[in-house]
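What follows is a single structure, written as structure tokens, with notes after it.
Should a chain be cited, it is by its letter among A, B, C and D, assigned in written order, with residues numbered from 1 in that chain.
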Amino acid sequence: MSYATEKLSEEKVFKDPVHRYVHVRDRVIWDLIGTREFQRLRRIRQLGTTYLTFHGAEHSRLNHSLGVYEIVRRIIDDGFDGRPDWYPENRLLCLCAALLHDLGHGPFSHSFEKVFHLDHEDFTQAIILGETEVNAVLRNVHKDFPKHVAEVIAKTYKNKLVVSLISSQIDADRMDYLLRDAYFTGVSYGNFDMERIMRVMRPREDQVVIKSSGMHAVEDYIMSRYQMYWQVYFHPVTRSAEVILTKILHRAKQLYEENYTFKHDPIHFYSLFEDKLALEDYIKLDEAVIMFYFQAWEEEEDSILSDLCRRFMNRNLFKYVEFNPNKQMMDLMELMGLFKKAGLDPEYYLVVDSSSDLPYDFYRPGEEEERLPIHLLMPNGDIRELSRQSEIVEAISGKRRTDHKLYFPQDILEDQTTKRTIKKKIREILGI
Amino acid sequence: MSYATEKLSEEKVFKDPVHRYVHVRDRVIWDLIGTREFQRLRRIRQLGTTYLTFHGAEHSRLNHSLGVYEIVRRIIDDGFDGRPDWYPENRLLCLCAALLHDLGHGPFSHSFEKVFHLDHEDFTQAIILGETEVNAVLRNVHKDFPKHVAEVIAKTYKNKLVVSLISSQIDADRMDYLLRDAYFTGVSYGNFDMERIMRVMRPREDQVVIKSSGMHAVEDYIMSRYQMYWQVYFHPVTRSAEVILTKILHRAKQLYEENYTFKHDPIHFYSLFEDKLALEDYIKLDEAVIMFYFQAWEEEEDSILSDLCRRFMNRNLFKYVEFNPNKQMMDLMELMGLFKKAGLDPEYYLVVDSSSDLPYDFYRPGEEEERLPIHLLMPNGDIRELSRQSEIVEAISGKRRTDHKLYFPQDILEDQTTKRTIKKKIREILGI
Amino acid sequence: MSYATEKLSEEKVFKDPVHRYVHVRDRVIWDLIGTREFQRLRRIRQLGTTYLTFHGAEHSRLNHSLGVYEIVRRIIDDGFDGRPDWYPENRLLCLCAALLHDLGHGPFSHSFEKVFHLDHEDFTQAIILGETEVNAVLRNVHKDFPKHVAEVIAKTYKNKLVVSLISSQIDADRMDYLLRDAYFTGVSYGNFDMERIMRVMRPREDQVVIKSSGMHAVEDYIMSRYQMYWQVYFHPVTRSAEVILTKILHRAKQLYEENYTFKHDPIHFYSLFEDKLALEDYIKLDEAVIMFYFQAWEEEEDSILSDLCRRFMNRNLFKYVEFNPNKQMMDLMELMGLFKKAGLDPEYYLVVDSSSDLPYDFYRPGEEEERLPIHLLMPNGDIRELSRQSEIVEAISGKRRTDHKLYFPQDILEDQTTKRTIKKKIREILGI
Amino acid sequence: MSYATEKLSEEKVFKDPVHRYVHVRDRVIWDLIGTREFQRLRRIRQLGTTYLTFHGAEHSRLNHSLGVYEIVRRIIDDGFDGRPDWYPENRLLCLCAALLHDLGHGPFSHSFEKVFHLDHEDFTQAIILGETEVNAVLRNVHKDFPKHVAEVIAKTYKNKLVVSLISSQIDADRMDYLLRDAYFTGVSYGNFDMERIMRVMRPREDQVVIKSSGMHAVEDYIMSRYQMYWQVYFHPVTRSAEVILTKILHRAKQLYEENYTFKHDPIHFYSLFEDKLALEDYIKLDEAVIMFYFQAWEEEEDSILSDLCRRFMNRNLFKYVEFNPNKQMMDLMELMGLFKKAGLDPEYYLVVDSSSDLPYDFYRPGEEEERLPIHLLMPNGDIRELSRQSEIVEAISGKRRTDHKLYFPQDILEDQTTKRTIKKKIREILGI
């Protein structure tokens, strides 16, 4: 028996609050889970700073990765197996890509990527293709196997059906994170009938399609996603924490560049600050390391860095008001001036944050599409794009919604011991 | 209006997966939640190493502390308020004690306390009574208030009804952790009808009693607790991780005492290793700091320390067999010798771990009792101890169950490159 | 103490799967629940023939009525109490109207009302105002109290805030039935965060309004309602059972009018068939009585009546095809002719059924509105109609969706023993 | 392809609140579900009079029967298939026995069986073996197939593994009803981890065994069963309704035997009253028919019959006190005399009801055993009876718990218009 088809002598199960159990029979999957790069995902939270808003959201990316694997496994083993257009030799490839699709995520990915111009997808590729334990396991299947897994995750793999299982507008990734994030935050919005959707998924040559009898379940899934974005992922308090986190990283980099002497030397950040981050350094950068430095930096002499770190660690976040960039740019300019006068560097203490989401989109020729649209399989065998069949989806299709907020340290602005007149003026403009 | 009775202008709510919402109206509670010592509980996991067995169990002690507060708030506001034997002036005291009861927990408390002879209860007292933000808030209520809160948590407060809400065999602490740990691990065993139990709780002068009509709900609660102990808290894989963690701490301390030169200097551990841990040092010791060091120590030259740290970080845990201390001590002695011959220090690589629990106990005069027994309020007004009324509880009452396991690194013992004969002998004795 | 304010010596609770517990403290409510007219609702299913599609949907209207009462009670006691614009003297009125709002429902209301031109709302009024146990309880509060309760349910009561709690586009009635029907059918579509909605409801002089911070929860509720309509309430199999039920009633009435001699004399139906239904007769008409007759009529000589009854009792329902009235009227005409030739009376065996729903509507001046629109309370105190604020709701607002299906007995059409050629022709037109 | 192995062209699913979906692929199962005898189970409630205590408990036996079928299907298809000791040719037999095991249940079985000395198991046999639609379907598989199905249900079938799936102390029947009754009543006590138990079930030649690693899940299941018995099945209010129901049947039979002239002739009861109930008559006796008569009898001249029927229909039940037969027989005798003096026939108005349950029992040689004990499969392959391994189960094993209550019409005893002195005396003895 080859390594690719080797089964464990006894099935292993992980107790999972969302899927009840995650089942593993394949030796390859078991070995991947045991790698140091995969175990590292335990030290990266799935939802970044969200735990500061929803205290239950402390779940890790390992948690989610196992869930995506289990969904793909069930779609294939319980649904696709034996159907036309499905080639069993793609099974292991799909399972590995599902398990490893988030492997390159770093700590608080969103903020890190913005500040240091990183892309977690590059690191996923690097880990799969580099000198890692993960690569060793995959190479053991076949010398080209790491490349294939990397291509599926990069959406460049030739078999688009395989790609669409992991990355489309109704893929295993989205289904798992909606259910999982709903579970751990405790909000009910993310729930939809995944079991029903899995039952109506059918393999086609170039994509997964959905039997039209399951259209309502898909509508419900899309609405769940919409709600989770605005209720959880873009929650203004979460974004406040993210703003502060981003500014901490900015400040530390700036200080480093200015040859500031840190009390606690940020050796883990050197290569990052110098734009020459090696894979091995990246892998060591987990959230424990970040939190270690933030705690240490609470005691730095630089008052901006220490203030921001204390705010983050002790959840003393910025407050916010709505901000309309079309109407209020003059106000913002004026506020920046006033902040400087009040002794507050506006680069760090007056921050506009924008969130934007497209609940669903059909395919627009010539445009860059992030994820594939959803196609229905009609009773007569025709394929129809979802928004042409569902009035609800049509109504929201392609409509981007954007929200801007202006963040600032309300506690300082209300502190009456210094700069009372300027602060009063600031508060008037902010309307607080 | 005094600070003690001050209400927030608008109620604050936290979304909680277990209780749906945690409600805060009292200014004092809101201020306590905002302290740095309370926020630190976000960086201490509720279940220590359990997340290595049940990947969902990544929830923090802050999470649990808010839950205990909410349960006590609901018992008082929805149940006790207006009843005889209940004095409304105790309300704030109960809420504060509930919120703060776990304040002194350190990282991986169980292991730390064992290795360094610490007691988290001492630190809870120290934080409440010392120079802390928490103390400042409490002192603002009344100069004696910190002392009273500390006494309630220490179970020495004069009003035993107040104490029993927080510490008895059916207190808010236990009710929250059973439900919460069941939720985050995903096991169903911890569920019981808390709403029913809260409805039948009645205040009496010296304790909370349970209306006898709710006896079955209490039986179910006790069985849930029993199941959670053996299915979750004493799970052999969790204990394996704990064994390794304990041995890492032992080894680091030993190396420090032997003046070993660490590549990464363990400055956060100095006072701990020297048995002169200051409160301020303790507060900084969160799980992020521990994980930071463990990752750093993966690269230490000492092979025991680096091996154990790699095992912990990458979840390459020890395996186990059942161990019967009455019959197998000779085997253990022999194994210790063989381990040494195989180049494995038995102090670190051959570990007996024992777990023991008493599902329920009545009061035994003259014995030290950990928690108060449960009393039923009969229809005629009499009070009866639970095990005299419930056959199920009587059957398990006072029966301690103990389990011993022997842990070892199976991967090394199966590695055939060195010491093959000795390892074979070891494996034979272990029966693996 | 007056009867209106009398409390039970001890609170009574009903275990409810949807709201956990239903709490009763008011003597008036307790007495109303004990009346024969209210207890009769145990023998009327909440969802008519739906149990033939979703086998769990066997829950009664009593079930739902208690739920609506509990929601209104919680909105008032936990939310409105003490707020401006809320007058505590309306509390009991609201609770009674909530509990009794469905009192006049008969067996399989939908079908009965259509065939016999009845209106359950008339009977609700009649029971509340007539010589009934319910009326006696209400009169005991105050001589005008029955009239007020009846007016609230009829939406003619002067205080529109009170009316809107029971009848608006986001009232306690709808919230309960969505959650309850989702629970008993087992579909997940009906779930939404009622707790959140209750927390953001505010009383205004003429209606309940929703704080705009809760807008997303309301969007989710509207989508849930939409899904429940098309996934459950308008399920084609349920409508098939309803078609057959309606035709049974038609046939029995026709036979009665033709002086047919029933083997089992339908004495319970006399006054109904003769259009002189007295209240006392109506109250006796529960679903047990209907099922009794349907079973008896399985043995009637009239082959249409006995066939339809056997179909209903044994769930041997009609099959269906989509029907487009704009294109297929000629086909329908032809089918009617062919059915006659095949010996099948098209009045009973070829039935078009139409379902139609408006997911949400704003107020249209001059048009008859069924239920009040939803208004948001903005942070600045303004009131805005929901669809002007929510893009999702705007997208679906006022858009009526209608669905037509054509029902027929496929088993007979496929039976090859008689009329083979005609049946073949019929099947071709139907496309089956 | 033979009828026994014929699959539906497309899998049918039933939405089930407990198991999410019930899946049907086998033509035989689909045809059985469509029979009139199986559909009749829609008109028999699973929990008899329990809906008068827990208003959600309106679910039918059809509901439960589908659930038992689904559990057995999953145990076989997901667990047993391909294992030693499992013969695939038993699959259809097991599925049919699971689906049909409750086929003979009549309306309010418990009460009917007691009053008329019936046994629903006899009727199950009669329906399977008699001239019924069910028999026709089964005979179509094989001429001996009805007999085999009947034997499995009667526990006389030669293959004891097959029998134990349907009838043991941890069979599919019990697992379904605990989960289902918990769901519909809304109590949480019935929950246990069925998925876990199904995963650890293994086929052995003569029984299903449970891998010892699943022992705690089984303990939890046994405790759930214990709780459901005392919290739900033996709920004193449910038993009150049952007492009244029993007495209605007694009274009607007595009146019939005394040649009383009923206003509404009980033709459906004739053969029952005369002890010559034919199968066809029995099948017609569903709960709708019973409720029809009870409503009609509310207007009978016999004051006992009409009073009891009104009580049942309008849920005006008897109240109760605890009764100790060892100490209070003299009181009961005295009460009987006083009831007569007060004009209340004690045969109908003073009723002792006893409930008794054995939570778990091991096999006792020579005694009649109702259900097989549970056996664990140890890691070394040995089989051990559960109570020898589990301390919790040992503690409650073989301990029968019995409860006696005395029921009476409190409203009449408190009515002061007649017999005041005697009633006062009665109330004193009853302690009410």
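The definition used in the following text is that a contact is a pair of C-beta atoms (placed from the backbone, for glycine too) under 8 Å apart; a residue touches a chain by one contact, two chains touch by 3 or more.
Everything quoted here is computed from the prediction, not taken from an experiment.
Among the other chains, the CA centroid farthest from that of chain D is the one of A.
Two chain pairs, A-D and A-C, are compared here, and A-C has more C-beta pairs in contact (counted per touch definition above). Separating the centre of chain A from that of chain D, both taken as means of CA atoms, is a distance of 51 Å. Rounded to whole angstrom units, the spacing between the C-alpha centres of chain C and chain D is 32.
Chain A and chain C have Cα centroids lying 44 Å from one another.
For chain C, the set of residues that touch two or more other chains comprises 20, 187. In terms of inter-chain touching, the protein chains here all touch one another pairwise.
On chain D, the positions that touch chain C within their shared complex are 14-18, 20, 34-36, 39, 42-43, 51-52, 54-56, 58-60, 62-63, 66, 183-187, 284, 286-292, 295, 310, 313-316.
Across the interface of their complex, chain D is touched by residues 187-189, 191-193, 216, 219-220, 223, 226-227, 230-231, 391-392, 395-396, 399, 401 of chain B.
Chain B contributes residues 13, 20-21, 195, 199 to its touches with chain C in the complex.
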